[in-house]
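Each of the next two complexes has subunit A plus one other chain: subunit B in the first, subunit C in the second.
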Partner chain A sequence: MNRNTLFGGAYAVAFFSFLFGPLVIMVITAFNSSKFPRVVPWECFTTGWFGELFGNQRLMDGLLNSVIIGAGVVALAVPIGLAGALALSELPSKLRATLYTVLILPILIPGVVLGISTIVLWGQISRGFGAGGLYNGYFLTIVGQITFISAYAMLVFIARLQRFDATQTEAALDLGATPGQAFRKILLPFMAPAIGSAAFITLLASFENYNTTVFTVLSESTFTTALASKVRHGTDPSLSALAVIIITITLVGALTNEAYQRRKEAEMGGRASRSPLYANPVTRALTHPGVVFAILVGIIAVVSFAGSRHDSSMCEAAVLQEKLDRQEELRAAQKARIEAEQKQQSTLPKSNSAFGGAFGGLGGATPAPESAEPAAPKPESPSAFGGAFGGITAPKLEE
Partner chain B sequence: MKQLKLAYDTMLAKHGMGAALFVAIAVTLWVVVFITLPQLSMLDYSFRFNLPADQIGTEADHYTLDQYRSFFFNNDGSVNTLDLMILLRTIVAAVIVTLIDVLICYPIAYILAHGAKGVAARLMVIGLIIPYWINEILRAFAFRVLFGATGVVNTVGMQIGLWDVPVDFIRADVALYFGLSYAYILLMIFPMYNAIEALDHTQVEAARDMGAPLWRVHWRVVLPIAKPGIVSGATMVFMLTAGALAAPQILGGPSSLWFTQVIYQWFNESSNWPRGSAYAVVLLFTCISFVLLTMRVFKVSVGEIGK
Partner chain C sequence: MPDTSRPDQTPDRSVLLDHVSIRFGNFTAVDNANLKINSGEFFSFLGPSGCGKTTLLRCISGFSEPTEGKVLIGGKDMAGVGPNKRPTALIFQHLALFPLMSVADNIAFPLEVRGVSKKERRKRADELLEMIALPGIGDKKVSELSGGQKQRVAIARALAVEPDILLLDEPLSALDLKLRQHMRTELRAIQKQVGVTFIYITHDQGEALTMSDRVAVMSKGVIEQVGEPDRIYNRPRSAFVASFVGENNALQGVIKVQSGETAALDTPMGTFEARVGGGRKYKAGDKALLFVRPEQLVPGAGDNAFEATLTRQEFEGATNHVFAKAGDSELRVSMVNAGLAGSLPAAGETLSLGFAPMNATILPVADMASDT
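After this line comes the complex of A and B, so read on.
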């Protein structure tokens, strides 16, 4: 059994390396000044790609559009999902299975198909009824997205409804509450946490969606479609910078949620009094989710402030200079080679010894490092090889 | 219809007029306007000619099988192997990606359900969810960085001496397969986990005590319980992979198109909506029949999905 646990642990480690490896590498590339996102060769530590990201007008416009669309989707998909879950809870089992299949289907239908069918339908409607105003990217994207995002919300509500004790509603009705009152005062408050998580999930799904949106958004663009077109037309590390931001937000959310869950668990389990962490007033305050969140945000603020003051231009200039030097070096070598070849054709028959000339050329270059013009001794070089070696070695000696 | 009326009445008695009306209207709107009508409209469109706006509604605007014919046959009557092969390749690739996901996710789902406890289990769940929160485009981008000509895989491989010149993983579709398998891992693990969690762990122990080797415990005890979860997860992964657009656009090699990309081209580059609609119908029909067939083979119903 122990061996199996070891194997299981090793597999889990490998699996999570696969999950996080690409993300870690992407995060690292965000801080490399290389124009192409890569880890090696490492050039300079830079925070410039974040500035580049925020300076991208198309992405920032898309962000605004995404927020507008996301708000619309949440406002519609959450109530629709709730209605779907409630309807399913009341239907007789056979009809329920049918309705469930119909409502869950949009999750499985390829997003491309949903997007196409949405623009085709509303295109026809706007042509047929002359309601051209409906045929715009915002409206179509909201309509196209809620088709399947409502189903996500519905799944959240179904899970919550399964734990609802229907006798509570019956008790309220027996005590003289109207059905409407019972709904508002009993069922809706019970569903409140699920409404929160459904809103979150729908917002995220709307924000992330590409397949449907790329069709329905028409000539506008959302954050995700702008991102996709940027990736397709050449990549640069500002996208990695974006990933850094998203991963940071995700981690802060996850850690805060973890603190919240732990605290709730500890309080509900009556462990709060027993755990030393919750007994001490200082650690108790420090482990409060609000405080955890504030600390994390504080750390991020300090780090990003420090990052924004980091200036990598010196290092980048050095790398650029290095590249230029290398280029110059290569060019000089090439020039020398070409010249040497030309010379070889003319001088070779006259030269008494090619090898002797080559050694002489090498030896001649070494004692004269302060020679400002590396190409200068070449014309006088006795041999083709000497010229070629001199051309290559001279810049190195200069450094 | 009678049953619907009955359900509405129960709702009315239980939750009141407002709630009952809200549920009835919202669900009707969802089913009719958002789900059914667009699909019918697309189906209708796929049987029409691609006409300029001023000819729509005139005599030239009548039903035709032309769009579908051009999917199966070229203009000269020969079989349109290009598009058919793309569809076939998309389906086969989606099946491969689904199988990869089943294989790599099953151990994790089992460990999560029966091995990991407390903090470890919660960390694993968080670890599974975090990559899923990162934009689909960025996840594909990460694989492009990883597998690029100067990417980490190439650098490491060349340094170890496995190969001398950079391997073009993008052109070889390696990056695409990795990216797609990565993209929907969560959707495979959670249904699997839910199914396996229902298994009483004493059953596994009993089988072990009676001397069954590990593979046999999984084959005879765990897998039968996990089957609905596996099928449900596999269905979602298959449908999402076959319908993926972003990952093939970003990670796909220049020579290999995904079928969704063909649809995209008909719509956005050729502006031939009826043709695009017909291709979309073909994709939808192929995927759904494939899934239903697989479900029949494994004897699982559609109602299991999403649970």
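After this line comes the complex of A and C, so read on.
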């Protein structure tokens, strides 16, 4: 029993470290001033990588492009997906299966193929009709992405529509609603949660898409393509800073959603399911999803502001100074050694290597060569290494 | 209620089914329905499930067009008129209340789509809630209502636009027995109050008989008989109607002789005289069925007397259901409980039974075979 829980605990720890370990490491590296993303050696706590990230013009331009393209994709893919789902639900079952396969196909086709075929097709069209204005990265990327992203949206809508009671629409018609009114007042409100999810999924899918976008975006770049080319040139902790931002946004979204779900559940269920949190007016107000969101955003704002005021330049300067000092030290040592060598060369022409003394010293247990003997009693070591090893072996030589 | 807003003489709220047939491919769901439902009538379609009642109702409300024939409402041909343009309101089998709207918004929905102002809508919703005896629940969610309340809200919603015809598709089937019986009275009262033509669909003969002015009995898409409840019960025109509406004992036999309204039938239990159903003509030797209801079988000699052996009985308070064997057929006899002054017969006892010729009906065998 005890062994089981021990094993279970260990397994849980291993599992969660596997899941979240990389994220934790990444977050830590975002605040280390080291030029390469790493945790040890820790140099200085810094918020400078965020500045570095926001200062990267190529990434920021890509972000703006991603937002524009994402908005376009959401605005087109969601209605297209909804229309497709509605069309499917109206068809007789045989036709439905066929059309379903056709509509789902773009998901199964590799993104690379979609990207290339999009530029080929629209290249033809723009040349053929002289509509050269259409042949730009924004338009092509939106068109290329919605070919498969609208199918994602459609899947979301199909799942929701399956739970729709068609007699609701009939009842609305029977009560005098026009088909348009029945759609707006009955079906759309029912679909609202699915429209929300579909918008979210399509936005994410558009944002993170690489395979298709890298072709269709032409000379422009989106956030993802810019990021990919940056990584190709070597990584630095500003990418960790980006990860911190994304993780934070995700956490805020998840916590707000959780507060919303719990509240909804408490409202749906009877009094019994209500926790004392909802009974007290203060905690009740505090756990309102809007308030939770506001508090989280407030905390982030304060932390960001404090972070932006944090100046690690002193520490970094100190680290730099330390490095310089050390460099200086090494240089001095080297200089000393070279001088010593030059001096030695005049007195001991045979030992011309820095290791000469060391090996000579080690070899002291066996009958030492004559020439080494005078070097041993010398208080000054010819090299840093020579001194160290020489020091160890020196007593043996004196025996 | 609709009368107050329409001070002119009551509009024509009749429905005429003019040789209506509805087919799905080769399958005939409604076969040549031809009848008139009068203005302000409570009219029921009664039949087992799958006999085409819902199909016919959807055709009247405009969700489907008849394959053959015409539907006329208020004397006007409804061909090509959509459900939102017909003066009908349908109460669906599962009510189809809108779960995302409050009770008041549900009731006011027909007004909303007609562009009535919000204030006016709320006022009308409150009036209707008053009428269905549920004042003050306008702000509740539909999910918070009980089955009976939902039922009444659905009726209020259907009546909000003052339809000429209210169509109800087995609206009570989801309720428990007590509530069902209560709602029967209530529905009848609402119908009297608003004066709208009610077309009611049910597979429950008790509902059809208690509420309706007239009943149409349907079987496999065919309307077998139309008439007042007592005529349907006492003068069935087909073996299906005789056996589907109420309890009945059927005896097989051969016609001996017909003399006008009555005929003599030879059965294994003896020769009985009975009324000829549906004004049919038989010749000697025709096979036929004799139907006699359990409560028409009375103890003691007299007309059509015979003897039977009591096999078992089910005591149900007011009535005692007795099962007796006569020849090779088992008969059902309902006896009024005479209380302590009388006595209950015991199993194995021989009963002398008889029935009046006018209280039994002779019907042809053929349609019995096709109907059950």
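Couple of notes before you dig in:
Rule of thumb we're sticking to: the second predicted complex is superposed on the first by the 314 of 399 C-alpha atoms of A that agree within 3 Å, B and C clash if a C-alpha of one lies under 4 Å from a C-alpha of the other, contacts with A are read in each partner's own complex, and residues count from 1 in each chain.
Keep this in mind: a contact is a pair of C-beta atoms (placed from the backbone, for glycine too) under 8 Å apart; a residue touches a chain by one contact, two chains touch by 3 or more.
A quick note: this is a predicted structure, and the numbers were derived from the prediction, not measured.
Annotation for the three-chain superposition on subunit A: subunit B and subunit C fit side by side. In the superposition on chain A, no contact is made by A:L161 with either subunit B or subunit C. Applying the stated contact rule after C-alpha superposition, one finds that A:I149 touches neither subunit B nor subunit C. By the touch criterion defined above, A:L239 reaches subunit B but does not reach subunit C.
Of the two partner chains, subunit B is the only one touched by A:F20; subunit C is not.
When the shared chain is aligned, subunit B comes close enough to touch A:L187, but subunit C does not. A count of residues in subunit A touched by subunit B and by subunit C gives the higher number to B. Contact with subunit B, but none with subunit C, is seen for A:P92 once the two complexes are overlaid on the shared chain. With both structures placed on the common chain, the touch criterion links A:V217 to neither subunit B nor subunit C. Touch criterion met: A:L175 reaches subunit C, while subunit B stays clear of it. Our summary of the superposed model lists a minimum C-alpha distance of 8 Å between subunit B and subunit C. Subunit A residues in contact with subunit B (one complex) as well as with subunit C (other complex) are 173, 178, 181.
Here subunit C touches subunit A in the complex through residues 61-63, 82-84, 88-90, 92, 94, 96-98, 100, 109-110, 112-114, 157-158, 160-161, going by the rule given at the top. Within the complex formed with subunit C, the residues of subunit A that make contact are 165, 167-168, 170-178, 181, 185-186, 189-190. The residues of subunit A lying in touch with subunit B in their complex are 1, 4-5, 8, 11-12, 15-16, 18-23, 25-26, 29, 36-40, 79-80, 82-84, 86-87, 90-92, 95, 97, 99-114, 116-118, 120-121, 124, 127, 143, 146-147, 150-151, 155, 169, 173, 178-183, 187, 204, 207-208, 210-211, 214-215, 224, 227-228, 231-232, 235, 239-240, 242-243, 246-247, 250-251, 254, 258, 261. Note for the complex: subunit B touches subunit A at residues 3-4, 6-7, 10-19, 22-27, 29-31, 34-35, 37-39, 41-42, 45, 56, 104, 107-108, 111, 115-116, 122, 124, 126-131, 133-146, 148, 150-152, 155, 182, 185, 208, 214, 235-236, 239-240, 242-246, 249-250, 260, 263-264, 267-268, 273, 276-277, 280, 283-284, 287-288, 291, 301-303, 305-306.
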